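Working notes for the structure below.
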């Protein structure tokens, strides 16, 4: 239940960010070309949304296995070694996160101390930048979850859903839709 | 034992061939010559380390020691430096130089101290001109036209004062936008119009000299105060010499680049008559009033006094 | 020493299966901690800069979103029908039609694997049904699919433009002729093979049917006009054009073709409905459909899928920028550049080294990451040797195309294996002869710079610079 709620929030928030970025840039074009006007805060806001999109999304990407990697080598190894290397990889990922979390914290502290605002929007600069801290905390949570799953044997790797796999889904959908208007009912029978 | 030399990373966002790039290299040369073994300067041009949106913050974190952003970049650090963005405040570069070297100009160098920054000197780029896809002779010619500006409230107000549409667009997109006429014009110094190839896509350049685009060489208070007094004096001296060298190049380069643009025959250069110029002044001067509170009347008066 | 640590950490991290993004970031930060005085805070700042200060990179999520809407089925199918009607009657024509379909799809999408997936499903099956050997069909489509990044718009070119500050629109222009040329070379090769092997031809459907399928495919083809038109017609920059393309992709898939979303299955004109009432009904339904889209599971899935790919790519890019930042602070490009310069290679020799480096990198890595790492190293040397940055960019893109087809990591190989249901070895064999063609094409692109430079320079000249 809570899991579903969190999942919905993550997906909704990411979709909202990418759609808002697109529409804001689109609106700028419309404003400039259609109404001879500019949106003076659009550039800064769009760019900050892109930072939130990436840094918030990184942990979601771990959850759904969206990040790509090279797992051809480890897959050739015996499963015990494979498992060990995956745990090692997750530990290294955690080290990466903690180093950046620490660095981000110092950076945010400095921004709070200087106390300057964004260029075009009257809010303190540390606020949008705080996604660094939020993002790495979330990333740590996701890597810990993944590590636990690997240790108890529920998962054996990062499950890279690479672009190839994404495209495969498209391919499957296409195949289904194309079967609708061809005469090959035989293929259909094979599938089911 | 010999102590390791103090490392100074000088980061900037322009090419090595520009006056700023040359000034940075001169500084390195002078320090190598005078403070060999004590201080080591490394220059990183072309935003190699940090872009101009983040170099100030990176300096405050202590990872670079010298930068020279344009004065408009400081508007969120201190409103006073916005004085340099005011339109038609300075008659020419000599007036700018007099003001910068005068007591008020030198006083401004320490206006950033509360934010942890120290200004070490002004570096010239030059007076700004207006370029556009249509000839701009009077303010009415600019009305309804789209101009790209740097992020600066004063510059935004300046274009709104002539009923033009100021647009903030990243530098990386400006050329394409000008080329395709998605944006009508922009303001810049002769050397930027030349080096960024804007003159290739802007058929008209009005020699308006309506504002100044200069840089401020800054360091962080924390780094500067950590140095020995003698060393600080030596470094300041080397920097002043390098700045003087850079300013000499800047003046020369502005004239050279202007001539190159004229020789290219790609843009027509429009010289304003006195009455035309006065119309621009009358239209844009209300901007002073708008920012008087932020900047301070005394500062504006002192800047004006430098014209005589 | 620094170089060794950086690359060994990177390769080790990648070898044990870490996400590429984290592998890049961790090797960078480890190198910084060991060899430099830089603080972790400034590395974090750099990461934030990499995600928040590169306006040009925003074109990546926008084009992916646009491709996601276009890949939902109908658009790709309509483009293929048009291609079959156009060239299907020539001997080997169906294979040529597949190449042309790939070229058309490449002109609206910026991604190679998506091109293979979208075109391959229908075309490979179609060719097999018409009597072509399956390996022949698979090889053709897997290769033609790589055109996705050579024919503009191209995500890889945008990344190159961002990394080297050359103009994105000039890069796009420069990719146009090489893209057409490679399509043509593939078609000629197909024709020769078709003659020798006696491959079949389809009957010509007649001009009426051709015109009809052309009109139906227009909705998809309009995107080409919208993207290129808005850039060259003075409406938008490439990044903005990408946003326009995404919005258009939504409208064409959801409102126009109605393959997905709240209007799925609703006809433009019902039987017996007159034009006026159809127009009124459609207008009302469209206005309703836009807010309904936000809740529609199919539309949401398209957006979410685009988000996943985008954030994955942008996160790699951000970390690759850190990697490049370390290379820069440690002056590693300078060191490599100086040692290569010290070999005293002439331009042609340098280009051989470049191609070997890139082909090696292409075996393991994703194109955007390769470009971001290699471009800052190669760019300054190339400039010094008098090689045009745009030309270098096209050479890099063609190398990346080949990388899509080389094991162990080749996205097009994976997709093709999936479509055909064959194993990797079979796919690699199927692609090999065509891969040789691509290598020949790379030589041509490398040593005849005019192929890349003619169009951008000609356009500059037209405009009188």
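Order of writing sets the chain letters: A, B and C. Residues in each chain are counted from 1.
Operating definition for what follows: contacts are C-beta pairs under 8 Å (C-beta built on N, C-alpha and C of every residue); 3 or more make two chains touch, one makes a residue touch a chain.
Because the structure is a prediction, the values reported are computed rather than measured.
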Dominant interface by contact count, named by its two chains: A-C
Most distant chain from subunit A by Cα centroid: B
Chain centre separation in whole Å, for subunit B relative to subunit A (CA means): 39
Distance between chain centroids, defined by C-alpha means - subunit A, subunit C (Å): 20
Set of subunit B residues in contact with two or more other chains: 57, 61, 169-170, 182
Residues within subunit C bordering two or more other chains: 39, 41-42, 45, 48, 53, 55, 235-236, 239
Residue numbers of subunit A (touch at least two other chains): 33, 43, 106-107, 110
Residue numbers on subunit C that touch subunit B, as the complex places them: 37-39, 41-42, 45-46, 48-49, 53, 55-56, 162, 165, 167-169, 231-239, 325, 328-329, 463-465
Of all residues in subunit A, those that touch subunit B in their complex: 32-33, 36-38, 40, 43-44, 106-107, 110-111, 114, 116-120, 125
Subunit C contact footprint on subunit A (complex, rising order): 11, 14-15, 17-19, 21-23, 25-26, 28-29, 33, 43, 46-48, 50-51, 53-55, 57-58, 60-62, 64, 66-74, 85-86, 88-89, 92-93, 95-96, 99-100, 102-104, 106-107, 110, 129, 132, 157-158, 160-171, 173-175, 177-178, 184
Residues on subunit C engaged by subunit A in the complex (per definition of touch): 13-23, 25-26, 29, 33, 39-45, 47-48, 51-55, 57-58, 61-62, 65, 71-74, 76-77, 111, 113-114, 116-118, 120-122, 125, 129, 230, 235-236, 239-240, 243-244, 246-247, 259, 300, 303-312, 314-316, 318, 364, 366, 408-409, 411, 414-415, 418-419
Residues of subunit B touching subunit A in the complex: 57, 60-61, 75-77, 115-116, 144, 146, 151, 156, 165-170, 182
